[in-house]
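Order of writing sets the chain letters: A, B and C. Residues in each chain are counted from 1.
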Amino acid sequence: MKHEQAKKYGMVIDLDKCTGCGACMVACMAENNIPFKKDETNKLDSITWMRVYQLTNGKPFPNTDICYIPRPCMHCEGDHGHSPCVSVCPATATDYSLKTGIVSQIYTRCFGCRYCMAACPYHARYFNWWDPVWPDGMEKYLNPDVSPRMRGVVEKCSFCFHRYQLAMNKAFLEGRRELEEAQYQTACAQACPAGAIVFGDLNNTKHRVHRIVQPDPAHGGRPKNPKAFRLLERLGTNPKVYYLSSREWVRRLADHYLPNETPGKGH
Amino acid sequence: MDDALIPKGVKRCPLPEFLMKLGPVVALLLWGVVAMFMCWIKGLNQTNMNDSYGFALWIWADLTVIALGGGAFFTGLLRYIIGKDKLKEILNFAVLIGFICYSSALLILAIDIGQPLRGWFIFWHANVHSMLTEVAFCLTCYFGVLTIEYLPLVLENRQIDRVPFFHNLSHNMHEIMPVFAATGAFLSFFHQGSLGGVAGVLFARPFAYREGIFIWPWTFFLFTWSAAAYGPCFTIMLAKITEKITGKRLVKDDVYALLAKIAGWMMATYVVAKIVDTWYWATVTAPSKGQTLMDFYSNNPFYGIWILILEIGVGGVIPAAILITRKGRRTPFLLVTAVVLGVVGVCVNRWAMVLQVMAVPVLPFEGWPMYYPSWQEVATTLLPVAYGILLVAFSYRYLPVFPQEPELNPIVTEAREPAESEATGGAGDAEMKPAEA
Amino acid sequence: MKMDRRSFLSFVIGGAAGTALSPLPWKLTDDLAIWSQNWPWTPVPERGEVSFVKTTCMLCPGGCGVTVRKVGDRAVKIEGTKGHPVNDGGICILGLSGLQLLYGPARVPSPLRRAGERGQNRWEKLSWDEALSLVAERLAGLREKKLPHTVACISGTDTGTVPRLMERFLAAYGSPNFIRTPSMRDSYEMTLHLMQGVQASAGFDVEHADFILSFGSGILEGWGSPVRMFRAHSKWKETGVKVVQIEPRLSNTAAKSDKWIPVNPGSEGILALGLARVIVEESLYRKAFIDTYTSGLEAWTREVLGRWTPENVEQATGVDKSTLVALARSFAGARRPLAICGRGRGDTPGSIGEFMAVHALNALVGNINRKGGVWAVPDPDYIQWPEVETDAVAAAGLQQGRIDGAGSKKYIHARHLLHRLPEIVDASDPSVVQALFVLEANPYYTLPDRDLLKKAWKKIPFIVSFSSFMDETARNADLILPNPMYLERYEDVPYARGFNKPLIGLAKPVTAPQFNTLPTGDVLIRLARALGDPVAGAFPWENYEQCLSETLQDMWEPLQETGYQVASDFEPGSGSGAFDTASGKFEFNPEKAREAAAHVSVQARGEAPGYPLILIPSDSMRRATGYIGDPPFVVKTVPETVLKGNDLLVEINPETAKALGLSEGKRAVLKTPKGQARVRVHLFHGVAPGVVAMPTGLGHQAYDAYLAGKGVNFNDLIAAVEDGASGLNAAWGIRAKLSRA
């Protein structure tokens, strides 16, 4: 039956369009009640579910080039839901949903062993080293759809799962079984002023993500679009976040290659 | 003052002197306890760990002490199952060291987790796919076994032993000890292996990932194997240190030699396996992910290829070569050198499997994050050392840890027994003062 | 009972076993875990009814429509308004963070009077009545002394009812000194005035251009209306529109462009003239447009372009001849090419020679008031208030001429020259400014040459800030009369920088005021009443809301509904009627242009031997540079290559670093003729050797603990350089020296 077809939510981020502005980072912080501290310059303890990295081609002036690459959680499917982080969690505090393809995180279950962080090659997981503290009065803007996390647990991008739940509730009340593409959008995709982030169901041929990426189910979702690629695809993480770039050097920086290999051919 | 508690047939220094000497150790312990409570009350922000170094110094210490504590299960296995009876002379000590190592490991885990009050979720909400789940279950069970193995020794204290109930209990426990030794060996096989698996299953971390046999990553076997090989080295090393500190011979040389011989052969085979593993990983696994061996050992200020040489060459091949030769293990200097190098080798191995795994950049556009521990981490990591010294000291003082001690140090003559083999003489000892830290 | 050893041990062991078998420890363990999941110090956001309010963002001149999601009476998220003509659902990093400002610790809680020395940040609260009578008394006193013209106001903008009420208040009171803060808007206005004879703002039909030639404009750094520019940029990518970025540093815009042409800093205007010369010489211009609608090309070519042969241009700009010629050809060959200027975000006006040269390029390709071109967008005309009636005192005050000299003979075309104020005040005794109002501006942070500014500041006896936030200016004022934030008040926003259609946005209260604030419109009405006629007569309204609704007339209702009104069918008209010059045509204005071209590239301050390097600013969307300081979320996104702890990193080329013996992250002292700062260096190949690029927007001393004390304020190290032709500040950088610390 149609409505039972499993969804596989994913993203494609156009790096040619991405300006590095950081709005996606802040949209995510605002939507998901992400805390902040007085000094956030040590990026190794700064919680940013969405992080925009700067890449450089390393060439000297004036042949230098830079590119930005936003990195949410990749919601890795691995091999049939065997995502790097999910299988290692001893307390089943993170899970791969075969219904939506979303890797969840239960903050009240997590006991902070950080094994999942060691397993994630994308540094998409963040530990709450501190108690979250909002200056007096500022807790007023907190979003009730997402619970603030306590110190000592791991958190990460959820593909704004609460928005999925709200959309499903609405759909249910209105007697619909299917979600239209626009009915469930993540905060970062919605905010991106450049329209660089496209979010939707990779299994749904009507959704833009599917049409742009053209995932190949026979080869672990590998994109058929030659401009599209994933980060560290060779590790077998099978991520659901894809990128587009017209620049060869950018595509090469997405994975490791031996000197004699070229992207797209080395595997 | 405490004469009544001291085992028969041995001599101990006066209590005040004993307590005074332990003063610095107690200070170290208190420092560690303060740091421990800071981590519990204020949280893990007291450490220098970060999102790249989610595992750091004390997890290394954790893995290391478990490897070193492997002397207990392996010696038990040799004595009760394989029937190397001679090893009973050092088994008490091996069990004591194992008990210290495992209780320390559990303590470290309790400090390490971000939500210690929910630590038990690992049992309640267990995920059977996780190596850590297996580690937690086996570790806890095996700690139980070690406690059972250690208990008879405690019950043998002169005063406790006078209570008939405890006397009988102790006796009966000795009777069924082979069952526990077998259980312990079985549990150890799995949790030592799962600890190896902790890193080995990280398929998205090419430095850690070692493909495997069936469902087990290679590191599963390597860790068990290395614990069996290096654990006894640690037992020997600590026994030697205890001898040095007490100024007495406590274990006969033939006991040492037997244990060293077995450890040597374990080590030799392990090193071969480890080299094969490294070779396969460097030539097949890593290149299949687009990386070369030197990607993991260059472009950073610390993690050089020297680590691999230190681990496999200096800490593996050399001690194995010494211990498998009769001359090597019979020459006290060489024996001590070999066990120390072995301990270094296994420490470096666990270091690489924890710290270097974290340091190696996986995203091609990232650099190596560097990490140094905070004082709270150092103190918390030294806490088990202090606790271990105290437990050894008290056990040694009040419990018959070394069955051969009265024989080797007859109390009547008060004179040191002439050395059995001339090399035990003072000159050699003074030259190679074992690391006392 | 006698307790022997045996029974004691049994008791202890039995007790332990019994406890372990009882439910107590298990219950306790469970309770502790549950407690850890509900720590009372981790907030639990309250639920409530969800609603949405459409309003207008006022955090920058971008004019975006935003929709605020509310839960109960709490505002929980700001999102872009779908279908809004400027941003259509998109939103920028700063706009997203508005609620951190609304509920943040930088808010001014009530009217405050200085308690300690200025800048000490010691305050006493007072009631609005007290505060207003304090100001009224002061103003009445100055008027009595016939000194109404010594009252000045610095305002972030001059459009919309609130700035206009302020201007009106000053006029009725007797002061011509309403001064808008400087930006490229000044130079674009002047350009349109000089070449097209109109009083208008420049709008750019970026969505329809098919070739973008940008002279250092930070299209992706906040130039124009940021979200709109981002959207246009993405559209260009989709449709293959070429973008050429001329800029000394590899900015984000440069990196995303199809071609980045690094030029010698400050020489962009010369490049524009060089391109014009190639276009004219090769007859690549649109003859039909030139012949019909323009005048003075011939004279302009002769007198202005003459000098700028490709060889000379190459020498001055560092761009080689062949690149220049190829660029001229591709620009002129495009169907709807568009040339734009204003460096970075456009915070500094720049030289008029440069703006006229770039605008002339648009004229050469006929792209004035056409699809895909530069449009003259008339200032909105909905504010129709009766003329102010002045008394003799006011009339005499207004006769005095502006303190900043704008409009005087020397600065005839300039409307606002704020950068001149510090020098003038510093040189006068007693100060020519006796009372200063600051409205939605933060001159104490944004004005260059802050040493001079601080000296001048001390001479001004009475400073009133209307800021909602404890910004640098408020902190160094004598009295703060806090305005509610844009999310708590009504205000019209008739402007979206660079947008090419007349547009009015409405900001409206999303939540009740969080603090004891009073809208500045109301403050002015009440002050006027307190001063009595004739000032009071100019303010016939009951309150500001009434003023606004009456002013907006039939737009008031629809604006409440949609949040904006746009003249979507607006056409600037490209025929003769569009140019209000003497000739009725677009004027290359050779006379003014010659003077302007003589100053097309102003010299950076400082001399080479002592200051061997050139310091230029670098802008980023992640660092607000204007009146608003970065909220915590935005600070959080500043990368570690810009800020490390509290240290600012400046960018230098690895070659420069090598010559100076510096390596990544090393501390250094950066010195300019205007000041010095301790910094660290970040090695970046995208900046030319010999150039130091300094991130702007940092070095705040006020706002909150999440921003204050981080980095260095670029304005501490630079000073204005007056453009000889316009009087505007044309500084684009300054000479500098970097040495190891």
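Quick note on the criterion: contacts are C-beta pairs under 8 Å (C-beta built on N, C-alpha and C of every residue); 3 or more make two chains touch, one makes a residue touch a chain.
The model shown is predicted, which means the values in this text are computed figures rather than measured ones.
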{"item": "Chain pair with the higher count of C-beta pairs in contact (B-C, A-C)", "value": "A-C"}
{"item": "Chain nearest the overall Cα centroid", "value": "A"}
{"item": "Distance between chain centroids, defined by C-alpha means - chain A, chain B (Å)", "value": "41"}
{"item": "For chain A paired with chain C, centre-to-centre distance based on mean C-alpha positions, whole Å", "value": "33"}
{"item": "Where chain B and chain C are represented by their mean Cα positions, the distance between them in whole Å", "value": "63"}
{"item": "Residue numbers of chain B (touch at least two other chains)", "value": "115, 118, 121"}
{"item": "For chain C, residues that touch 2 or more chains besides their own", "value": "36-37"}
{"item": "Touching two or more other chains - residues of chain A", "value": "42, 131, 150-152"}
{"item": "Residue numbers on chain B that touch chain C, as the complex places them", "value": "115, 117-118, 120-121, 159, 163, 165"}
{"item": "Residues of chain A that touch chain B when the two form their complex", "value": "42, 44-45, 53, 55, 69, 76, 78, 84, 87-93, 109-115, 117-123, 125-131, 150-154, 231-232, 234-237, 253-258, 261, 266"}
{"item": "Sites on chain C touched by chain B in the complex", "value": "5-6, 9, 29, 32-33, 35-37"}
{"item": "Residue numbers on chain C that touch chain A, as the complex places them", "value": "36-37, 39, 41-48, 71, 74-80, 87, 89-93, 96-97, 99-100, 102-105, 220, 226-227, 230-231, 233-234, 237, 250, 252, 255-256, 260, 262, 514, 621-622, 632-641, 643-646, 653-655, 684-689, 704-706"}
{"item": "Of all residues in chain A, those that touch chain C in their complex", "value": "14, 16-17, 19-23, 25-27, 29-31, 33, 36, 38-43, 46, 48, 52, 54, 56, 58-62, 64-68, 108, 131-132, 134-144, 147-152, 187, 190-196"}
